[in-house]
Structures are given as structure tokens and as C-alpha cells.
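Encoded as C-alpha cells, here's the structure I'll be asking about.
We call the chains A, B, C, D, E and F, going by the order they appear; numbering starts again at 1 in every chain.
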Amino acid sequence: MQLICENLACVRGGRDVFAGLNFNLNSGEALVVTGRNGAGKSSLLRMIAGLIAMTAGKLTLKGGEADATPGEQAHYLGHLDALKPSLSVSENLAFWMGYFGGGVGIEPALDAVGLAPLASLPAAYLSAGQRRRLSIARLVAVPRPLWLLDEPTSALDQQSQLRLAELMRGHLDTGGMIVAAAHGPIGLDSPRELKLGRRGTELL
Amino acid sequence: MQLICENLACVRGGRDVFAGLNFNLNSGEALVVTGRNGAGKSSLLRMIAGLIAMTAGKLTLKGGEADATPGEQAHYLGHLDALKPSLSVSENLAFWMGYFGGGVGIEPALDAVGLAPLASLPAAYLSAGQRRRLSIARLVAVPRPLWLLDEPTSALDQQSQLRLAELMRGHLDTGGMIVAAAHGPIGLDSPRELKLGRRGTELL
Amino acid sequence: MAVIDLANPTRFINFVNRALPWFAAATAIAFAFGLVLTMNAPDDYQQGATVKIMYIHVPTAWLSMMCWGVMSVAALGTLVWRHPLADVAGKAAAPIGTAFTFICLITGSLWGRPTWGTYWVWDARLTSMLVLFLLYLGMLALYWTAEDPGRGSRAAAILALVGAINIPIIKFSVEYWNTLHQPASLFRKGGSAIDPSILWPLLIMALAFTLLFFTLHFAAMRNEILRRRVRTMQMMQAQELAGAQT
Amino acid sequence: MNLGPHADFIFASYAVTVFVIAALVGWVVLDYAAQRRVLGDLEERGVTRRSQRKGDA
Amino acid sequence: MSMFFAILVRDMRLSVRVGGGALMGALFFLIVVVMMPFAIGPDLNLLARIGPAILWLGALLATLLALDRLFATDYDDGSLDLLMMGRMPLELAVAAKAIAHWLTTGLPLVIIAPVLGLMLNVEMRAMGWVALTLLAGTPALTFIGLIGAALSVTLRRGGLLLAVLVLPLTIPVLIFGVAAANAAIVGPAPFGPPFTILCALSLASFVLGPFAAAAALRHGLE
Amino acid sequence: MSMFFAILVRDMRLSVRVGGGALMGALFFLIVVVMMPFAIGPDLNLLARIGPAILWLGALLATLLALDRLFATDYDDGSLDLLMMGRMPLELAVAAKAIAHWLTTGLPLVIIAPVLGLMLNVEMRAMGWVALTLLAGTPALTFIGLIGAALSVTLRRGGLLLAVLVLPLTIPVLIFGVAAANAAIVGPAPFGPPFTILCALSLASFVLGPFAAAAALRHGLE
């Protein structure tokens, strides 16, 4: 499988954010997108997810399902957690599993992020890091080839960061792809890097 | 002037955040509050500002105005900018000057944060850093002895951070006081430090 | 110049700069001509001189409906082709359509008082015009509320199309409603057989109002393009200033 | 011209029409002047649109 | 289909949990209807005469105003982003949300309407018919209001905007709803035709609403 | 005092700028009143009879529903925190916001009411009186609604909650408003007494509203 991004451009609120972006990402590879505040990292991820319109360019997931957009084969982990405070931890996860269609089961997914003991607690009582981990459980629960992670380590404590890195390695090992926006290291050994900048982009 | 904080305690959402906090802060001194996420830094600042109720303890501003609370003699710079997008930069500042009562004038205050050329632009067009600087202009425009700064350097670029440090030094030199919450250095030479420790227990 | 060329905002502005004086002149001439004919038109045998109100009332009624049509076409341009000029055309048309609908309502009421003895009856045609006015006001409210022009235009386009589907339904239902419980028969239509001596002034006035509509619409579109340009440049200014300091 | 007993109503209709149209024309003209003025200010300060930099698109 | 039900069940669950808005619409309906006699005066004949009208107006306002947060909560917490990344067409997801909303907000209105009719001196027998018209008509209100909810979330604005945009579009529903109710109570016009049209309006808006709302969300969100 | 005016001017400015809600209340009022005849039927006599009631109900709903975001916008962008740190008592700041809101939302209702009265077949002369009762009574609605706005911002919930909390409290205003209007139009009861009570209610809520709202804000926010 290969994510191909050709000549992508982004205009938001009337301003050019980036233009002429090209990269390919193969199965088992991770790409870390870096750049200063406002460079367009989050915008790029949202564009791949299909959440904002492409101003120009083309995005294809070669080898993926023919009748689905790249966004429909991707998981998006943004700054917002998409959790409902009045539902319990397992109800929250169960909903997204139902909506995205099947998966490995609630128990193992919660276990993978260390939330199994809290399964029946309403999400309102979770701390920021715990909420984040519940979001990550979604990625584990429903297999989708492409993970789009926006500053995935934020709000996570040390142990959770290690656990996340392990999950990401597992995903890559089974042929998945990761595009992550980050300001620092995210725990992968040698990811490719895409630097968004004022003077255009560099693929490192 | 002296800010005296005796035996302060804070309970939020039913959980103890901190308790038995004591410190004095003299004219011309700065106090940097540090600690991990959720340790209660922001809570402490908001408590001094009078924005959340004190669970226990006492706060006094000795030498300040007798008929005003410490909060009414303080500036609070939080995570939110208190700007109205449809008002221009100078209208926004003018409102807060009118509300807090007089000061040095709009022009010099905007100059101090490098926003003078944008005076007539609606605040909606400002970037995150520019919004933050407009908030800081408020501190300069209306003199108040105590500054409460919650992660003041966030969103500021290098030059603006230097400018802010200079403004803070100026404030201290004229007998002001600063209490700042921060995760890193904020540009002051040798501020006193208050480290909030682990109290709020994680439910695990 | 081909029509397709006009689809570029800059070219469109050049076109408006050149064409607007001619449109304005044609409007003025048509109005002068139409008003002279109006003044000399004979009175209606039943309604007397009040029939002169018709020369404003009917053209503005037609135009207020046409204007929603213009907005619907522009809406397709916005949603299907995402064309910026279509955004601008829709936005510029809304206040003009509102104003024409307003004129139609006011002149109709002023006509109604001498002919029917009241300013307002809940007659089907009047009422559906009133609902059209409300729809226009909703459209204005939507544009007014949207702080980002692009997002506002796309929302307005949806509303314009939904409205276009609904207007016939509303008209039908209002007719049903009114014939169901007709009030004490206040409503009596007069002067239905249109005489050529009335028809000609009416047509000329209709032409004049149509020209007025396009003159205003083009001018308002030009203003809107300029307004967006100003917005872009102000944002660039903020961005550049931020860049200069990093 | 004799407008008969209802001259007031006829006059009022025409007056309202003239008023509303004058308001529309005024809006269009004043708005144009305002946008031109701001645009002039911005250009004077050297702000340009990106299409002007890359050549007119 | 299981995705459709996932949304339906979640939204219904949310609205009956603490903080959910399930009964807010019914409460508003109750209060508005109860306030009418205070405004109009306690003339029982008059109240009986305009009873169906009052019930319909109350139901209309309650439905539309309760729709305010339909998409806004999902937008605020990021759920809307994920809903747009599902395999199911967005139209269906939107329809599922609307149905859940109608079941938790529209249906209670229909159920409490007879009780309120009693207060307005509408006969017991007639109330059955009025409730039937509400049952047939409130889905149309929800599905038309859906469009307004989608438009107002893309503009990030709640409150009265939705009502202002949508109320004029609901006029046909109101007209045929009241006409059918009145036909059932006082005659002489037959109940059938307006009721049939009311059902037709509900069906039509059942199709139009989700399409327009999904288009609004797709074009409006960034 | 200059602080008071700073708030007053800012809030009025905000509500007339793009994105502001100044005329949304008036628009809602217009639409709700225009929709009444669709429900009740175009019977001019009946409409004339309940005209003042319709106008009052419309004004009531428009005022309360427009208050929804009064504190919420200031809460969301952090302005409310700073407003609480001013030298001026919070009561006064809250009152300034309410007055600005009334001037931009309540006053337009009073101004368009006569036009709507025409459509409801209320006589020209009588409309002057109805408008006068609205002028005297809508401040009471705004100031009572203020309490609900403060409560709903501290509960972080918008929409119908405010109306549900506050509508029952506004019943006296509605009763005396309609009574005064009816007295002016049809008699035989004198206009004076209900109108005096209406003014008294406005004055009382003018005092009570800001105190209660300020107390709600002080105790509710964290």
C-alpha cells in the first residue's frame, strides 16, 4: 500500500498555508511532519483525513480499497478527543467501534492503553492524559491502514508515551502507515521527516 | 507593598489540588510557580486573582489599597485572550483601558508590544502570537502593582519573549510584583521559585 | 469579450468599470421614459388614479422573484464549481432582492388601503410575498452572522437552494390555507383586463427596474470583490508583520 | 395631472420607492468609496496581494 | 446499517443521561402552552377554538429551538470530524442523528400534547386527532430544522439564527397540521386531504433534510 | 461611571458589527408574529382581539431567547474573568451589559411592533399604547432573563435551559403587559393600574436582576 500526495496546496481563511507538497509513503513507513506554529501541520493531516477541502493537488491511497477515500481508510487523532462525558469509557469506545465497523474488541483495546480498570467510569472523570489514551484505544480497536496523529504525545505521561510508541511500531510492522505532526521526538526510531516552512517544504 | 499568602488551600471538582501553601512576595520580586500538569499552578493564580474561591487560608496585599481585594489590584494574563474579533486592535485595548481605568495611552502600549502598525486591524486577523501580545499590552497600558501571568511565553516568538522579559523587568524596577506559572525559564534573571508537588491523586 | 472571461474577478471588475456608466444611463433613460408614460396613462375606471401604484408594484414583485432565481443560480455556481464570483453574485443580490420585496409589500399595502379599505389582508398572494420577504431576511441574517465570507457564502447557497425548492410549496400551502377559511370578503381584485394603454407603461417600467437591478447588482458585486481583496490584504499584513519579527 | 382622492397613497408609494432605491444607491456608492479608501491605504503601506506578486492571475 | 444504529443508540442514550436535553423540549412546550392563557385571558371558548393552533405553534418552537445543539456538541468535542470519516454516507449519519432527536424530543411533545389540550379546553376526543397530526408533522419539523442546525454549526453560532432561517420554511407544515387538526375537530372540511399532505411533507423533508444538512456540513466545515 | 459606559458602548458596538446579534431578536419576533395567523387562521376579528397577546408573547420569547449568549461569549473568550477583576461592582458591569442588550435587542422590538400590529389588524391608535406597554415591560423581561443567562453560563449549557428557567418568572410581566394593552384598546378597565404595576415590575427587576445575576456568576464560575 502507498499513500501518494501530489502537488498538494492548502489555503485557509484566504491565506496560503502551503503549496506544491509532494511525498510518497509506503507500507510500514512513518512520516513525521514538523514546522513552526501555524506552518500547516494540522492542516495537512486534516486534509489527508478529508476534513478540509484540497485547494489543489491529488491524494491517493494506492493498494487501498477502491471505493473509499483515503480519509475513510484512516484514523485521525486530533486535539479533540471525541468523547462524551456522560458515557462510560467502554460505551465511548463501543460507539466508535460500532461506527467504524468491528475490530479487536473492547477489552483488549482498553488493555493496550492501560484503561481496562476504568472501563465503567464515565469519561467526565478522566484526566486529560486518560482521555487521550481512550482516544488512542480507538486506533487499536478498529484496524485501518493509515494513522494520522496530531501531536500524539501531548498530555501523555512517560509510561503512556512508551506504550504509544510500541503501538505505533506494531502498526508499522503489520504494514500500516503513520503520518504524525510533532514538535519533538515521538518515540519512533527513524521516521522520515517532512519540514513545513515559510520557504516551502523540505522532505528530510 | 507585600503579597502575603497564608495557609492557602484549593479543592477543585471535589479533589484536593494543594493545601497549606505559604509565601510572601515583596515589592520588586517575582515568583515563578512550577510543577507538573495538574499540580495547580493555574488554580493558584486564579485564586490570587479572585476568580476561584479560596477553600481555606488568607490572601492579603499589605500596603495596597485598603478597599480593594488583591484581585482588583492585579492583572491576570491567562490562556484566553479576552479579545473580541470584530473590534479592531485599538478598540480592544481601549475598552480594557476604559474598564480598568486610564493608563499610559493606547499608542505607547501598542508600541511596547510591537503592534502599533496593526492598530486599525480587526483582532480576528491576528495570529495566536499577535493576540497574545495584544493581551500583554493591557498590562502595560493600565498600571496595577501585581501581575499574574499564566505561561506568559506561550505562543510568543523569540523577539516577543525578549520584549516581554524587558516589560517584566521594568515592572519589577518600579516596585511591581509578578507571580508567573511556567514550565521553563521566562526570561527573568533570578526569580524566586515555588514548586507545587504531587497532591491531586490520579485515579488508577 | 467572451462571457467566460468575466468569470475572473479582476476582469469582471474591469468590465464593471467600463459598463457601469452605460447601465446607469440606460436605467435613467428607461425611468424617464417610463415615468412620462406613467403620468400620461389613463386612470382605471374602478380604481381611479391609484392604478399608478401598479407601475412600481408589479415590476418590483416580478424582480423580487427573479432575484431569488439569480441567487439560486449563483448557489449552484458556489456549490458545484466553487466559483468565487458566484459567491459574490449571491451575496450582492440578497440586499437588493430584500429591498425590492419590501417596496412591493409597501406599495401593495398603500394600494390596498384605498381599494380594500385596509392596509393588510391575509390574502394568499400577499402572504406568500411576505414569506418571501422573511426568507430574504433570513438570508441577510446568515450573511450578517458569518464572519468568514467563504463559509458564509456556502451556507447561504444551501439556504438559497432549499428556499428555491420551498417557495412553490409555500405558495401552494398559503393558497390552500387562505381559501379554506376565507375572511369576510375584503378582497376584491379590480382591473384585471389589461388595456394596452396600461400595459406599455408597465412594460417600460419593468424594463427600467430590471436595468436598475442589474446596475445595482454589478456595482454591489464590485464592492464585494473589493471587500474580499481588502480582507486578504489585511491578513497578509498581519502575517507579514509576524514574519518580519521571527 | 389629477390624482384624485387617493393622491396621498400614490405619493407615498412613489416616495417610499424613491427612498428605498436611494438607500440602495447610497449603500453601493458609499461602500465603493470606503473599500477604495482602505485599499488605497493598504497599497500605500506596501501591502500587495499575492496574485500581484506572481503576476496577475 | 449497524453504523446507523450505533449513532441512533448513542444519541438517544446521550440525551437521556445527565446533562442531556431529552425533556428540555417537552418542558419548553409545556411552559409555552401554559403561558398562552395568561396572555390571551381565561376565555375557555376562545382557548378551545385556537387550542390546536397553540399546540402546533408550541410544538414548532420547541422542536426548532431544541435542535440548536444537535451538531454543535459533536462539533465542539471533535466527534463530527470522526463521523465524517466513517464508511457510511454522511447523509445517513445525519439522518440517524435526526431520528434519535425526534424520538427523544419530538415524541415526548406528541405524548404530552393531550394533557396540555385538556388545559386549553380542547375535547378529549379531538385531542387524539391533534396528537395524530403532531405525530405525522413533527418529523417534518425536525428534518427541516436539521438543515438550520447544520448551517448554524458551520457558522459557529447558535441561538436564534436557526429559528430565523428555518421558521419560514416550516410554514407549510404548520398550515396543514392546523388544518388537519381543525378538520378533525370542527369540520366541515374533510380530515383526509390536509393530513395526507402533512404526511407527504414529512416524507419529502425526510429526504431533503439530510441531503441539505450533509451538504451544508461538507461545504461548511474546515 | 466611565467604566459603566465602557461596557455599554463595547457591547452595543459588538452587537451591530458583523457577526453581532443586534437584529436577530427583532427578526425572530417578526417571524413568530407573522406565523401566528398561519396557525390561527386569517380571521381578522379574532386576530385583532388577540393581537396584543400575540405581540407580547412574541416579544417575550424573542427577548429571552436572544439573551442566550449574553454572558456565554464573554465566558468563552475570557473577558468575563477580567470583568470580575474590575474596580466596579460586578452588579454594575452586569447591568451595563443588560442595558446594552436591551437597547440593541429590546428597543427594536418595540419599534417594529406597530408595523406588526397593522398586520394583526390592531388599530393604528391602539398600537401606540401596545408599543408603550412593550417599552415599559421589555426591560423587565431583559433583567429577569439576565438571571437565567448568568445561571446557564455557569452551568455551561445554552439553548432552552434559559427559557425553561426564566419563562415562569416572567408570567407577571406578561399578565400586566397584556392587561394594560387590552385596557388601552377595548377598555373598560382603566389603563393606569396595570401599567403602573408593569413599570414597578421593570423597576424591581432592574434592581433584582443584576444582583441575582452577579451572585450567580460569582458563585458559579471557577
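Keep in mind that, in the parts below, a residue touches a chain if its C-beta (ideal position, glycine included) is under 8 Å from a C-beta of that chain, and two chains touch if they have at least 3 such contacts.
Keep in mind that this is a model prediction, so the values were computed, not measured.
Undergrad: Which contact partners do chain D and chain E have in common?
TA: Chains that touch both chain D and chain E, as defined above, are C.
Undergrad: Counting C-beta pairs in contact, which comes out ahead: B-F or C-F?
TA: Answer by contact count: B-F.
Undergrad: Would you mind checking which chain's C-alpha centre is most distant from the centre of chain E?
TA: For chain E, the chain whose C-alpha mean is farthest off is B.
Undergrad: If every chain is reduced to the average of its C-alpha atoms, which one ends up farthest from chain C?
TA: The most distant chain relative to chain C turns out to be B.
Undergrad: Find the geometric centre of each of chain B and chain C from their Cα atoms only, then give the gap between the two centres in Å, rounded to an integer.
TA: About 53 Å, centre to centre.
Undergrad: Centre to centre, by mean C-alpha position, how many angstrom separate chain A and chain C?
TA: About 48 Å, centre to centre.
Undergrad: How far is the middle of chain A from the middle of chain B, if each middle is the mean of its Cα atoms, in Å?
TA: A distance of 35 Å separates the two centres.
Undergrad: Among the residues of chain E, which are close enough to touch at least two other chains?
TA: Counting only residues that touch two or more other chains, chain E contributes 19, 157, 161, 164, 167-168, 171, 175, 222.
Undergrad: Please list all residues of chain C that touch 2 or more other chains.
TA: In chain C, residues 131, 134, 137-138, 141, 145-147, 174, 177, 180, 231-232, 234-237, 239, 246 touch at least two other chains, as defined above.
Undergrad: I need the residues of chain B touching at least two other chains; which ones are they?
TA: 85-86, 127, 129
Undergrad: For this entry, which pairs of chains touch?
TA: Result for touching pairs of chains: A-B, A-C, A-E, B-C, B-F, C-D, C-E, C-F, E-F.
Undergrad: Help me check something: in the complex, which residues belonging to chain C touch chain F?
TA: It comes out as residues 109, 118-122, 127, 130-131, 134, 137-138, 141, 144-147, 174, 177-178, 180-184, 186.
Undergrad: Please output the residues of chain C touching chain D within their complex, sorted ascending.
TA: 10, 39, 43, 48-50, 52-53, 56-57, 60, 95-96, 99, 102-103, 106-107, 110-111, 113-114, 212, 216, 219-220, 222-223, 226-227, 229-230, 232-234, 236-237, 240
Undergrad: In the complex of these two chains, what residues of chain E are touching chain F?
TA: Against chain F, chain E makes touches at 19, 21, 24-25, 27-28, 31-32, 35-36, 38-41, 46, 49-50, 53-54, 56-57, 60-62, 65-66, 68-69, 157-161, 163-164, 167-168, 171, 174-175, 178, 182.
Undergrad: So in the complex, which bits of chain C are touching chain B?
TA: Residue list for chain C touching chain B: 147, 231, 234-235, 237-239, 241-242, 245-246.
Undergrad: Chain E touches which residues of chain C in the complex?
TA: Touching chain E from chain C are residues 79, 131, 134-135, 137-138, 141-142, 145-146, 151-152, 154-155, 157-159, 161-163, 165-166, 169-170, 172-174, 176-177, 180.
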